[in-house]
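I have a structure I would like to understand better, so I am pasting it below and will then ask my questions one at a time.
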Amino acid sequence: MLNFTLIGAGRIGKMHAQNIANHPLCNLSYIYDVDTELASSVAETSKAKIASSAEDAINDKDVDAVFIASATNTHIDYIILAAQAGKAIFCEKPIDLDITKVDYCRKKIKNLNVPIQIGFNRRFDPSHKKLKLSKDEGEIGKLEKIIITSRDPGPPSKEYLKISGGIFRDMAIHDFDFCRFILGNDPIQEISAHASQLFSDDIRDVDDYDTSMVIMKSQSGVLCHINNSRRAIYGYDQRVEIFGSKGMIISDNQSPTSVKKFDKNITNSEDPIYYFFIERYDQAYKNQLENFVNCIIKKKPTSVNFEDGRKALIIADAAYESLAKKQTVKINYS
Amino acid sequence: MLNFTLIGAGRIGKMHAQNIANHPLCNLSYIYDVDTELASSVAETSKAKIASSAEDAINDKDVDAVFIASATNTHIDYIILAAQAGKAIFCEKPIDLDITKVDYCRKKIKNLNVPIQIGFNRRFDPSHKKLKLSKDEGEIGKLEKIIITSRDPGPPSKEYLKISGGIFRDMAIHDFDFCRFILGNDPIQEISAHASQLFSDDIRDVDDYDTSMVIMKSQSGVLCHINNSRRAIYGYDQRVEIFGSKGMIISDNQSPTSVKKFDKNITNSEDPIYYFFIERYDQAYKNQLENFVNCIIKKKPTSVNFEDGRKALIIADAAYESLAKKQTVKINYS
Amino acid sequence: MLNFTLIGAGRIGKMHAQNIANHPLCNLSYIYDVDTELASSVAETSKAKIASSAEDAINDKDVDAVFIASATNTHIDYIILAAQAGKAIFCEKPIDLDITKVDYCRKKIKNLNVPIQIGFNRRFDPSHKKLKLSKDEGEIGKLEKIIITSRDPGPPSKEYLKISGGIFRDMAIHDFDFCRFILGNDPIQEISAHASQLFSDDIRDVDDYDTSMVIMKSQSGVLCHINNSRRAIYGYDQRVEIFGSKGMIISDNQSPTSVKKFDKNITNSEDPIYYFFIERYDQAYKNQLENFVNCIIKKKPTSVNFEDGRKALIIADAAYESLAKKQTVKINYS
Amino acid sequence: MLNFTLIGAGRIGKMHAQNIANHPLCNLSYIYDVDTELASSVAETSKAKIASSAEDAINDKDVDAVFIASATNTHIDYIILAAQAGKAIFCEKPIDLDITKVDYCRKKIKNLNVPIQIGFNRRFDPSHKKLKLSKDEGEIGKLEKIIITSRDPGPPSKEYLKISGGIFRDMAIHDFDFCRFILGNDPIQEISAHASQLFSDDIRDVDDYDTSMVIMKSQSGVLCHINNSRRAIYGYDQRVEIFGSKGMIISDNQSPTSVKKFDKNITNSEDPIYYFFIERYDQAYKNQLENFVNCIIKKKPTSVNFEDGRKALIIADAAYESLAKKQTVKINYS
């Protein structure tokens, strides 16, 4: 049995709490949130204790792992605390919005040798993962193109937008990581980013973009396209296409049912696709936890590590640089 | 160049006229219709002469082939006339609604040895034909089931319904033939027919059924299901499914475009399927003519012959017998 | 908290054990199986006690509900025992293969007034249920046709075949019930059944059929077609189509992923559909339990009751009568 | 009746010859090709005369329209000749590979006021056109993104590659035009182009790219992505997606049949998509001719004019500039 401390009891923290509580090998010992009421409401359904301080909950000697799902700007402090306490760490994406802080954290935890996994959930989605495995097994031959479409159903609150880090660091970062995951040993070397303010006054007010597109090139010449939107009226649009010398594989959108309707106006029309990440990546979140637990128990390296979190942020930063300079920008991971 | 006489200038006759006129090896010499105005309107666009009598148009020594698309109850007279004149004959389905007359005709033309083809167009549809070819090539292994869905967009006029011969002789006859086509050398041996009067007062008034289902069994035990409706609000529903030891093949509905729409209410919704037979089987009608022309020129037996037309009618008659007796009925082709 | 006794620890019992153990309002108290080793292996993963006798496990005063997933010929004894003990009962389909015994059981439990639910899982599948709800909300207007395709990936063992009751009582019974579910207050009045022995020697040896088709008609004239096969090489084929005055709804097959492949030979090819019932109806089994628990707690009538189980068997019996007589048979539910 | 002179009897010229010959309002008077044998073989099937010189065929006073389907570097000479002769002109894309020559031609024909249409066939494809019309009718609300995938089945010959003008001028030019068509009055203002040499030695040898991606931004901020490949093993991949405030429309790939296959390894697999442009855009080419004929007869402006051809080339040139500078480049249409 692994004992967990969960930091953060918001929407995604709540979901993680349930997954941990339901996992046969996990025990959710503590929940901490600056908002005690939020912590209580989640604790109730999961039988965990409410921690009076994050420090205590992290340092408890019976705790094996710390699950960080709090506000992004608190991630690094908790990572360092947990690493110093020798706990296994799961941290939601992004590690931080500031690469300087990420590098500071990286240095602090370097010699502590704790397992740390970053919350890039797409890697654990059965369909996206199947696509990656098929590629690795050579089904499409030599990879030549990756095309990712990633659109949220609607923009977040203005409060969140202010601290989100912008569309590339907050949203596209998942897609940067997924491109890296598909590419494997073939690093992304350059990026060209483009963005527009088309529909959201809130987003415009905080100097962010609601619509964006990037093209990246890998060392071997693979071209990668990502397009993001902060609003898709038909639901959470999540598609990945890979193309190579022997064929193409698409991981397409998903609907909760396999119902198709036909009437005077519609033909073969399916039920709406999943509305947002909690529904769409339900299984991915469970598989992600399973994988994390498995890595801890079998003392294997985590599948998505600190370096993966850092590199995705470096690409996001490069996207902003490209946007500002209107140039293709080389990516420097060092 | 083959010279054609076309008998019948209604909706389907008009379409045949165009196909014949556009065929590089065909010349449409004469059009005859009891309604001279109708004949004129079709003649205009095809440069054919209007015949003052069917007899003259059939007997003209320069005419090679007679295309019969007139009212069903006139088919047999024209077939006999054309056969006696030694012309190649194409006759729309059904040969006649009365098997006694069909057998009379059969006897009359037996020794005249003219090529005769019946208008079972589905055999020439690229998708349905591909399904049949795939089966013949062994792609689904041993055939075990055939399932045909065939629904018209809406019922015909009451005038037509009165003389249509009923849903099995008028509509399902296409599907009986197509089952026979798929089965090849494995004859249909028995049929169980079921029908309802559910929505059309006109159809009820003429003692016909608007909705029907049959199950047939072949000599080898293949089970065949056909379901027909006289109204499908979403268009002309034409599907064929074959199932066997190694897999399944479906010939699905078709839409004029490959457009898919997504909004708040619809997901992946395609354009409406083709509205009716003229649109849906456009290519089938052209291929059917091509095949007929080819058989004449190369002096090969026609692909859908008089016996095929006769046997489909025998099955339709058996359907009515089954319906009346509420029994499964053996089919007697002799 | 509801305490459960589970009778039967085979493949489906094991799955039920997990669902009960994972349900927040359920406690799996006892597992009983004639095969003690089987019971032990399931008990281990679910923390339930192994019962030394079914009687003790059923009669324990702390037990609220009895879940019967044992061999079909034991169902009735356990139902009576549990009903006499005043427990809520869930019983896998079919109640029994012999309508006389079912009627005996019915009489015995009549005045005991315990909630009893039969395991027709399809009613709880999100897609099939959505289809039913859409119909009830009038989306297809007046219902005219139901078409159900239900094919297993492969035949069961010869041992099982001997005691299965045959394709209609063992397999089609699900589809008979689902037709009844869609039809609601419009009872099925007659049936015509057809079957073949096409591929399985085992099935032929036990005088059963591997391939079947039926047509049923409801009181209002709705035509229903069901086609079953004991082997579909591409997986567990589970499709339902309803057709009416305003349109059509299809509940189509499902694949574990949304991956589509394209290469020289395949176009838009999806991952294989779910292999069999455990995978395909995973969510249905969970929803079914949820529904059963909810009915007990809120003291509501169960959604699929003893009469539903009995009527489905009566239809299956009528199918055999139709098969033997080669006639359409009236169904007598009294 | 319009009399046509066709210049060029290669693969695409041959197809145009058939379409002209089959059109009820067109007469193919002359065919000219530098390769007289080629001209003869096409002339045979279309009953046209073989012209001994392009000049004579263009200047014949009975000729109404000149159809230019010869090598790209001859287009401008023929356009000028035909314009000076006062003929209506249809010219295959691109007008020329050199914008200086295009501008010279533009100046020469400016005051001659002949109708001229450029062969951007995608505008006339029923599916792509439906997508454009749906957008114009407001079905997706305010347009925000265009995503075009355009991949050839295989690279052209090395001979052709040498004179093709490169992937952007030869291939992407169709997609540049189609973006412009969708955008309507919202001009493309900037472009960022990216390309790789991944699989074709021939293409590498001539310093061209086999794989490319661009992002363009319109005046209003619409982001457009195009991705091209010179080889797609599964056929001619032609997809257009538009996304806006009220939804999304996709014009998807097309297969010659609606057959779907299921076996041990494949699920719902369709027949291969159309192999290349002659098959895929068969109807588009016919509609394009229909439109051209209609514009001449009704003396309406052509739908795709010289300026459209010029602007698409300007965008292609900007793509190369962007590629060389690794910058986003402003497009100057003046």
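For clarity, chains are labelled A, B, C and D in written order, and residue numbers in each chain start from 1.
Rule of thumb we're sticking to: contacts are C-beta pairs under 8 Å (C-beta built on N, C-alpha and C of every residue); 3 or more make two chains touch, one makes a residue touch a chain.
Computed from a predicted model, the values in this text were never measured in an experiment.
Over half of the residue-numbered contact pairs at A-C are shared with one candidate from C-D, A-D or B-D, namely B-D.
Distance between Cα centroids is largest for the pairing of subunit D with C. Contact tally for A-B versus B-C: the pair with more C-beta pairs in contact is B-C.
Taking each chain's centre as the average of its CA atoms, subunit B and subunit C sit 41 Å apart.
Rounded to whole angstrom units, the spacing between the C-alpha centres of subunit A and subunit B is 58. For subunit A, residues that reach two or more other chains under the stated contact definition are 233-234, 246-248, 262-264, 271.
Chain contact summary for the complex, subunit C toward subunit D: residues 233-235, 255, 262-273. Of all residues in subunit A, those touching subunit C in their complex are 22, 126-127, 130-131, 134, 139-140, 246-254, 256-264, 271. Touching subunit D in their complex are the following residues of subunit A: 142, 144-145, 147, 149, 151, 190, 192, 194-199, 211-215, 217, 221-223, 225, 227, 229, 231-234, 237, 243, 245-248, 326-328.
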